[in-house]
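Structure first, then comments.
Chain lettering (A, B, C and D) follows the sequence in which the chains are written, and residue indices restart at 1 in each chain.
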């Protein structure tokens, strides 16, 4: 099979060939689909559980607490216990809700999350979908999740939920713009929309160093907009615990609430992973042109480790925001987007174009 | 104004009211009929300017209900007590002072809630703490055998 | 399509509707069981109607059947964040009525405790306010620092929140030998930590943008509604009882009354932060000079007030707190009335929030520092 | 032009203030092992309450199972909530005198507000405030305690003092 921790291309290719040699085409395709589906399901479930644990521990560290420490060593099994509890809880459907939409909302969020996940390059050859329009696909798909939130808010027959849903609708649709534009800035730099191509383009140096000022601005904008896109603090005014009790998911209970909850965390991971891919080279180890000895040492660390290290570093950065800042008001969120991020982005695209044209980058 | 000056001033300007010197403040008891007039005079007069109503208390005296206003001037920092007494304990009613001091609106609701003193012309006279039909617990003749244990 | 266009162009045709939302009695930012009936138009607040009484406990009625030293432990349970000041108000009222002069030592102890209590109350308010605004970390930092004061209280009083330390004629027991050292340690620590509060919240651009220029309360309104304490002083209403009607050891100390003129939410917020500095100043002036002497005057076993009506004001962390006792010469008071600052402050809310957003309603309500048992009594 | 400078300055000022806030939380994050939480049931042994801590009313007994309570009932009068009931009985002593002694000292912890008035009022120092704070019980009636131990008597010394005082 040729399993290699540093490059999965041969492994996945050989696996694919092996399936097609031993089965009929229809069966092979079905089995492959199932396999990929199960793998992604496992990744999402594990990531969700782990991220919730990380969030609790990180939040505790910011607040000088210990965090979960009762279930398992250092509380590691806490989230599993919570998950089991959530599965066993009653699914309450309030009276007079729009049943179909009410039940549909969490699935839209989860489905959208899986679709986005598919485009992420975890390691060389370990990627669900490698479109040539990967960036475009990602920004298109990730904006669907707002429909889930809107539906949840609308169908719950609760005024708090409705306010939360409408708020997040306005917010996500605005910030979609910033996300796409900061990605476009980097696409100009990379010259391709394909994720594997973007990563490959950073073999000599990561884009954040390569593109210096405009890349850094794009990164800051992307992180801000990404935090807003995933409805996390300080942009969590769709939930806004102190204002709207729990916002759009007030009326959800049991595993339906669990899906929203896991969705929030995995979405945060996806945003961090995209940031890591586009700005910090994804699975690409840290290379500096000219320092071959250093580069060789860096190459010893497997790419998949690099990918998760970078993603989790950015996850912790996003958590740092949440546990430091107060929440914004709805009009300020829109002001920030339309009066600050958007003009900066436009200026930044021009700057990047000029820099790319004049080859003023490293 | 010191208490003495205030007493002299009040004696001159409100000859019909009973003015006594309490343990701390000058106490002036007025007729319910002239309450609003007196209060707005106290507030508007340039020499007194009692613009801050500190406290409004209803007291269940043996023969009547008394409403006691502790008022202060934020300019001169003198304090006095204004008192009115209802005519009797059956259907007690007194004019509201919402027009003079805004905060009286809510303190009067409290007095109505706990003592059952009605305030004429009050725009929003509803129970504040308790349910409708509870009774008036701060009255001395209030009995509640279930909730109050006598020792 | 053209129809929709026409409707959009003539916005008068757009049908907008007001709707009401019940905030509370169970709501995370009402800090207790306060119910607000909020009328909204979109996100804009049109009207707020407070409904109170969910934890009305009839303290005034209970007081009528208790002796004077027994009343005090009930006042702990009204505004539990300024329990010591409430106790002190009753004690001062009884002492004034009996015309008892308490020793200087008692005055000093009481004043130091008042200021410690004020700091602890403002710390808790700061933490809760941070949480109202969405900065949950503030909650833990405020609570962490409050713990030090509560430990000081526990060592001297034996209780952390419901202190019941004052008795008519003095205090219940002498201060603990460690007390002065601990307080000095706390002052040193807290002076270092207070700028952190500023960096975390007061200077934060999100916070200032949210609190500045909203929730205005004019001086006239503040006086008319009787909004006292830091909330009133932020509007320029000079209402510090410590300054204007000094009691206990306040005549002996130099301190400034914190006044602001803006009257917006940020001014109310910052007044409290500055008050914490001012309280530290007051404690520093007193802590080394506690005179020797008795910690209480021996009163008769059964305290009977002479017939009459007595009123005593103190400055709690929320504002102007008053105790009104009508005595008929018996061992129980005839009528006790507590003038609670929160009660007056709450009803000024409606005039402050009109036209602002829901998020502002939370910010403005938080800046009033409401404690619900104080309002309901 | 000026407005553009202001615009850019406001961006940097805003970012600066945000970084200051992140600095505060970041400082504590970087030193996460210096947490302030106490792990309660584990630290039970080291957890010593302050000597004045008011946890419950206790009646100390000496080695001979003797307490100091004379059943005078002052604490019962002083209690604002009626959480103390002193039940006394009359006995005849050896020398034929009739004497009032304590039969049962009933203390309702569930009603007690720990105000310390009873301890302060006690003329013979028979009751004190205990430091125990773990009062949770499964049954509410368990909160009604009898403070004097079964078969306990009053200390001879207290009786002597009382007699001296009367003389």
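Assume contacts are C-beta pairs under 8 Å (C-beta built on N, C-alpha and C of every residue); 3 or more make two chains touch, one makes a residue touch a chain.
On a predicted model such as this, the values are computed, not experimentally measured, just so you know.
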item: Chain nearest the overall C-alpha centroid of the shown protein atoms; value: C
item: Distance between the centres, which are taken as Cα means, of chain C and chain B, whole angstrom; value: 25
item: Chain A-chain C separation of Cα centroids, rounded to whole Å; value: 44
item: Centre distance in Å when chain B and chain D are each reduced to the mean of their C-alpha atoms; value: 41
item: Inter-chain centre distance, chain A versus chain D - centres from mean C-alpha coordinates, in Å; value: 52
item: For chain C, residues contacting two or more additional chains; value: 137, 144, 200-201, 204, 206
item: Shared interface positions of chain B, touching two or more other chains; value: 151
item: Shared interface positions of chain A, touching two or more other chains; value: 62-65, 323-325
item: Graph class of chain-chain contacts, one of line, ring, star, complete, other; value: other
item: Pairs of chains found to touch, sorted by chain label; value: A-C, A-D, B-C, C-D
item: Chain D - residues contacting chain A, complex; value: 11, 18, 21-22, 24-26, 28-29, 32, 34-37, 39
item: Chain A to chain C touching residues, read off their complex; value: 59, 62-65, 159-160, 163, 167, 233-234, 236-237, 240-245, 323-332
item: Residue ranges of chain D touching chain C (in the complex, touch as defined); value: 13-14, 17-18, 20-21, 23-25, 36, 49-50, 52-54, 78, 80, 113-117, 120, 129
item: Residues of chain C that touch chain A when the two form their complex; value: 19, 21, 27-29, 43, 130-137, 139-141, 144, 200-201, 204, 206-207, 209-210, 357-360, 362
item: Complex interface listing, chain A residues touching chain D; value: 58, 60-66, 69, 320-321, 323-325, 340, 344
